[in-house]
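I have placed the structure first, in the form of structure tokens, so that the comments after it can refer back to it.
The letters A, B, C, D, E and F name the chains in turn, as written, and every chain counts its residues from 1.
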Amino acid sequence: MRPNNRSLDSLRNVTLEAGASKYAEGSCLAKFGDTHVLCTASVDENVPRWMKGKGKGWVTGEYGMLPRSTHSRNNREAARGKQGGRTVEIQRLIGRSLRAAVDLSKLGERQIIVDCDVMQADGGTRTASITGAWVALYLACEKLVADGKIKENPVTDNMAAVSAGIVEGECRLDLEYVEDSAAQADANFVLTQTGGVIEVQASAEDTPFTADEMAELMRLAVKGIGELCEMQQQAVKST
Amino acid sequence: MRPNNRSLDSLRNVTLEAGASKYAEGSCLAKFGDTHVLCTASVDENVPRWMKGKGKGWVTGEYGMLPRSTHSRNNREAARGKQGGRTVEIQRLIGRSLRAAVDLSKLGERQIIVDCDVMQADGGTRTASITGAWVALYLACEKLVADGKIKENPVTDNMAAVSAGIVEGECRLDLEYVEDSAAQADANFVLTQTGGVIEVQASAEDTPFTADEMAELMRLAVKGIGELCEMQQQAVKST
Amino acid sequence: MRPNNRSLDSLRNVTLEAGASKYAEGSCLAKFGDTHVLCTASVDENVPRWMKGKGKGWVTGEYGMLPRSTHSRNNREAARGKQGGRTVEIQRLIGRSLRAAVDLSKLGERQIIVDCDVMQADGGTRTASITGAWVALYLACEKLVADGKIKENPVTDNMAAVSAGIVEGECRLDLEYVEDSAAQADANFVLTQTGGVIEVQASAEDTPFTADEMAELMRLAVKGIGELCEMQQQAVKST
Amino acid sequence: MRPNNRSLDSLRNVTLEAGASKYAEGSCLAKFGDTHVLCTASVDENVPRWMKGKGKGWVTGEYGMLPRSTHSRNNREAARGKQGGRTVEIQRLIGRSLRAAVDLSKLGERQIIVDCDVMQADGGTRTASITGAWVALYLACEKLVADGKIKENPVTDNMAAVSAGIVEGECRLDLEYVEDSAAQADANFVLTQTGGVIEVQASAEDTPFTADEMAELMRLAVKGIGELCEMQQQAVKST
Amino acid sequence: MRPNNRSLDSLRNVTLEAGASKYAEGSCLAKFGDTHVLCTASVDENVPRWMKGKGKGWVTGEYGMLPRSTHSRNNREAARGKQGGRTVEIQRLIGRSLRAAVDLSKLGERQIIVDCDVMQADGGTRTASITGAWVALYLACEKLVADGKIKENPVTDNMAAVSAGIVEGECRLDLEYVEDSAAQADANFVLTQTGGVIEVQASAEDTPFTADEMAELMRLAVKGIGELCEMQQQAVKST
Amino acid sequence: MRPNNRSLDSLRNVTLEAGASKYAEGSCLAKFGDTHVLCTASVDENVPRWMKGKGKGWVTGEYGMLPRSTHSRNNREAARGKQGGRTVEIQRLIGRSLRAAVDLSKLGERQIIVDCDVMQADGGTRTASITGAWVALYLACEKLVADGKIKENPVTDNMAAVSAGIVEGECRLDLEYVEDSAAQADANFVLTQTGGVIEVQASAEDTPFTADEMAELMRLAVKGIGELCEMQQQAVKST
């Protein structure tokens, strides 16, 4: 039995609270069960130096965890003087995923930085981050349209992310921490609402798994992401 | 007139939400108007190396701001690879202030780290941090007592912090951002409920101010801290 | 047409030269066309601190590129004072992949560090790294057996890595640089000889791709990895 | 009894040697007893980037201790790769204090950097630094006037700094190291010659102190700073 | 007896393989016995900022060792976050040596960076680096001439480097590792083909040595460098 | 003509003030004309970790320049977060030189760190550092003997350092800054009083120089170091 009697293909209780930050151009507090991530999209009227003069924009992501967002405290990355490998890997994933859903040429020469800061972590922080980041990004783009800076919203696809994994021999959707830490395999999917593939990352924990299991994990993800995309649309309409 | 018609000696709307974090041994979400700080106290059963074998404990503070907690985005300190001077200064102040209110010899050889993370900043983040940190620290110590690890709560004083400053020639309590950025002088006070002095830091902005003005700022702080200490006591009782 | 008239499911010209380093306990110079990676496995009789006393070993990977391994020179990471995000991501992948093919409990409390240093880069450096790293790791373990330090070789699976991607609408195996830089999608697979999944990482470049294309990329990878695993077995026998 | 039979409101033996550096535009070797600080003011014809085009200048301070300026050796900050929290805090204090005594709009778009390097430390290094820094800054400004680069000296106030603290229950002026390390409270004051407040920083060591004690510490500081300002005027005349 | 019965004034088996890198403008794989260094010269059409507008060029060197180029593994400098003192010292030596053999005014406002990366180390890595770097630099300059970017090759002297030392009381040329680690004195010479002095660095290991011994070490170096310069000329002709 | 009519083989006006620091176990303020270096020797009762248990001691040097010790200000290395290449190179030279004049087995398992901090720089800071460092080191060892911690002073040789160079075609001893910056060749010698060689470092600036010139530079150095060693002996007797 999964915790809280969840079925194998059920998401946790998800809420996407748009407009959670007073200052950011777009924001979303994404909660996947006890995993809470604050996503804020900040518009910067400059692009990175290497993109200057190309007539198009840039979207990037940053990721951080509060030191006590986890069961036991982790040292603060700012105090250690560098971001850990996991952080770097996740924020590169966030950035790549968002860019695949935006037409950068319609953004103008400006950058949108989406910060995903984990307030509380109970598994799946990267997928909650991407799902909330899409809402924050979409709203920031809407504001650019409303402010007359761009003609149309450059977000091309509705997309979201979810994890799936093999726990106790079962393929399960949206693992929480106790499942994640016992998983034989762990996968993260970033897909469009219509099932288009943006990113797939799957890892065996101790022993390899089969191509059939891989296919089942993907099937679960398609289902979950369909539901998440609907919630995202509700969220952006609510503001 | 102050924003929202506040009188010169009034605090902003303050709430102290104890238990805001699922995992931390003690926590408090401190809101001073639109300034929101999440304070978590983490018990570490080891003391820093230089304190080993002394038979007493240690309390320290760390401070951070989310990149978009402010009107415009600040670069992430973890990404820049170092904490800025202001951050270092504030977290040293938090640590010193908390230690002055604790009998370290009653804590045992363990450390309590209080993280103060600013979710949203509208002036006075360091005083909101210290005020909330006291609640988080107190609750973590209560938990140590409840868990039978120490006999009595080593917190010796109820203390809090507040700012006061000179704006448009007036001495005002608890400045918010628009006042802070226009202040001729800015002071931060950490006092006990009975007016005992733990820390005073006062700075002239452009031109020196008088000893009488300094005394008036302190008078305002004594009043405000009296009120904050009562709220802290309500907060720790509420859990 | 692919460069050099390669067919869609053909590997580049691959050689795996075991024993390429005079000092390392195991080594392999892996060449995938013009991509050349020197892989050396070093036995360290200590495990990382957090693994002490657990009675098992650890395997980790490090990755670097010579500054002029690429078409234009990249700044030296040692001079910049930090490893870039791409480097960190790749070396985490190498480590995870190798550990999935080793029974750490049979390694004893020691660590094997596999360094993958790119001499020349023409696309697919991470997959050449993993493929060569397996050979270096296997040989280092053989040496531990020969030296009487462990009873049997703890490598549990023969595994290798290869890339596949979508270029000009075609799914192609083992992309070289000119293909990689024009790809609509790019995927890296780490599989066992029998098709067991260790790692899958797939990214859309600009626009999402379909689940069918994902399946075709995987089919190509299974074929290529079968061939690579045979070459690895030849290589380890040759020493 | 205080060391050397000093009375409670007496400074240590203070000398301010103007022109102690051959190259700096302004300099002062400030000695407060056995605390020796070399202060050099360097004119930089550029302002920091964020101040460009504002038509005014900037004054900043830097602080360092020689590794063996203290009783036992401290590691060199340059070797550790970062400045410690105490250093950062002190140099921010030096900069703020100096800027409060200068009309930056009269300085032109240039920067003066005042380096305060502690040759020997016996308590009160930050107050000796600020007192000597004012002399160095004043002389560098005189040189700018003499060189025809500015019309009048932009230093608006004669100001100095001194410590006071509570030791063995007594309020004492200008603590030396043996007193400082035994103090119940420690305060640093930066005041103008006429008692105007620039900076006040007071900290309780273990237990809070009273508002009356705070007032007495300030009274001592006003007296001491009056004497220091006269010595500064002698020093700048002597060159 | 020296290893392999080498006579006191014999070089190890030396090969200089020009064109070892596919991409670099000039390259050389220098082997002095088991010491193997890959030297690549990269043309950068920008000079360092402090040289802009001076109408002349710059030549610099960088040096690195692969982690397992040595008997036991060294930590990767990129992972440690800084280059060690030995690395810094060697790359400064490489740069100074090369610049002394080039007329920078004939190079135009461009920079040549010569990377010397040690694949395998058996003593004398810095002298093999300089010897190979000269070849790489020369070839890169030839390419600039061939590409019509400069009129004539700005390399003014044929020069090379070799070590000599005192081992078991004997002065010996071109020490290998087992000799180096037992040497009473160790010297490195960078000389022109005609014996002109570019750099001399000699160090006593435990006890001082005599001026006569110094002279003998230099005599050995002159002989060895004469031979190396001839090999360099063969190497550049071979491409 | 040299500045101040110095003859080619004359030192600048040199003074070695032993005991210049109140706290250090040994110290010397070395002045070579306008080059002033404070050298302090600190005894640390621990050796570096890699030397533990070998029954012998260690001597090391550190070097720094005050930011405004030079004609124009240099950024503080502690603020930049790393020591520059020149600093690293010099402090390695200081350490090696001192160790060649000490019998480490007679020092016991302790470390002496000699800090050489340049107060004012007018050429030859590294040679003034080494010359003063020897005095500081000798005195610290004397103190160890006087304190009964070791039986005899482990310093085996009287040694000093001086520069020599080729300026306007002339070989000159002990270059000052205006000469140094115009030199065709620059050499630093660390020799014993009897002419034993500890370190020689010679560099051509633009064009190679001859072996005869090298011999003449060494002859000058032998003369200068003879004089410096006598001054060192006066200095250590004076305390």
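Simple rule for what comes next: a contact is a pair of C-beta atoms (placed from the backbone, for glycine too) under 8 Å apart; a residue touches a chain by one contact, two chains touch by 3 or more.
Predicted model, so just to flag it, every value in this text is computed and none were measured.
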Set of chains whose contacts include both subunit E and subunit C: none
Contact-graph distance - origin subunit D, target subunit F: 1
Maximum centroid distance from subunit B, chain identifier (CA atoms): E
Farthest chain (mean CA position) relative to subunit F: A
From the options B-D, A-C or D-F, the pair that copies C-E, where over half of the contact pairs coincide: D-F
Subunit D and subunit E, separation of their C-alpha mean positions in angstrom: 50
Inter-centroid spacing, subunit D versus subunit C (mean Cα positions, whole Å): 59
Euclidean distance of C-alpha centroids - subunit E vs subunit F, Å: 28
Contacts with two or more other chains, residues of subunit F listed in rising order: 81-82
Chains in cyclic order, anchored at subunit A, direction fixed by subunit C: A, C, E, F, D, B
Of all residues in subunit F, those that touch subunit D in their complex: 21-24, 27, 34, 38, 40, 42, 44, 62, 64, 66-73, 76-79, 81-83, 87, 113, 115, 117, 119-120
Subunit F residues touching subunit E - in the complex, by the definition given at the top: 82, 85-86, 88-89, 91-92, 96, 100, 156-157, 159, 185, 187, 191-192, 195-211, 213-214, 218, 222
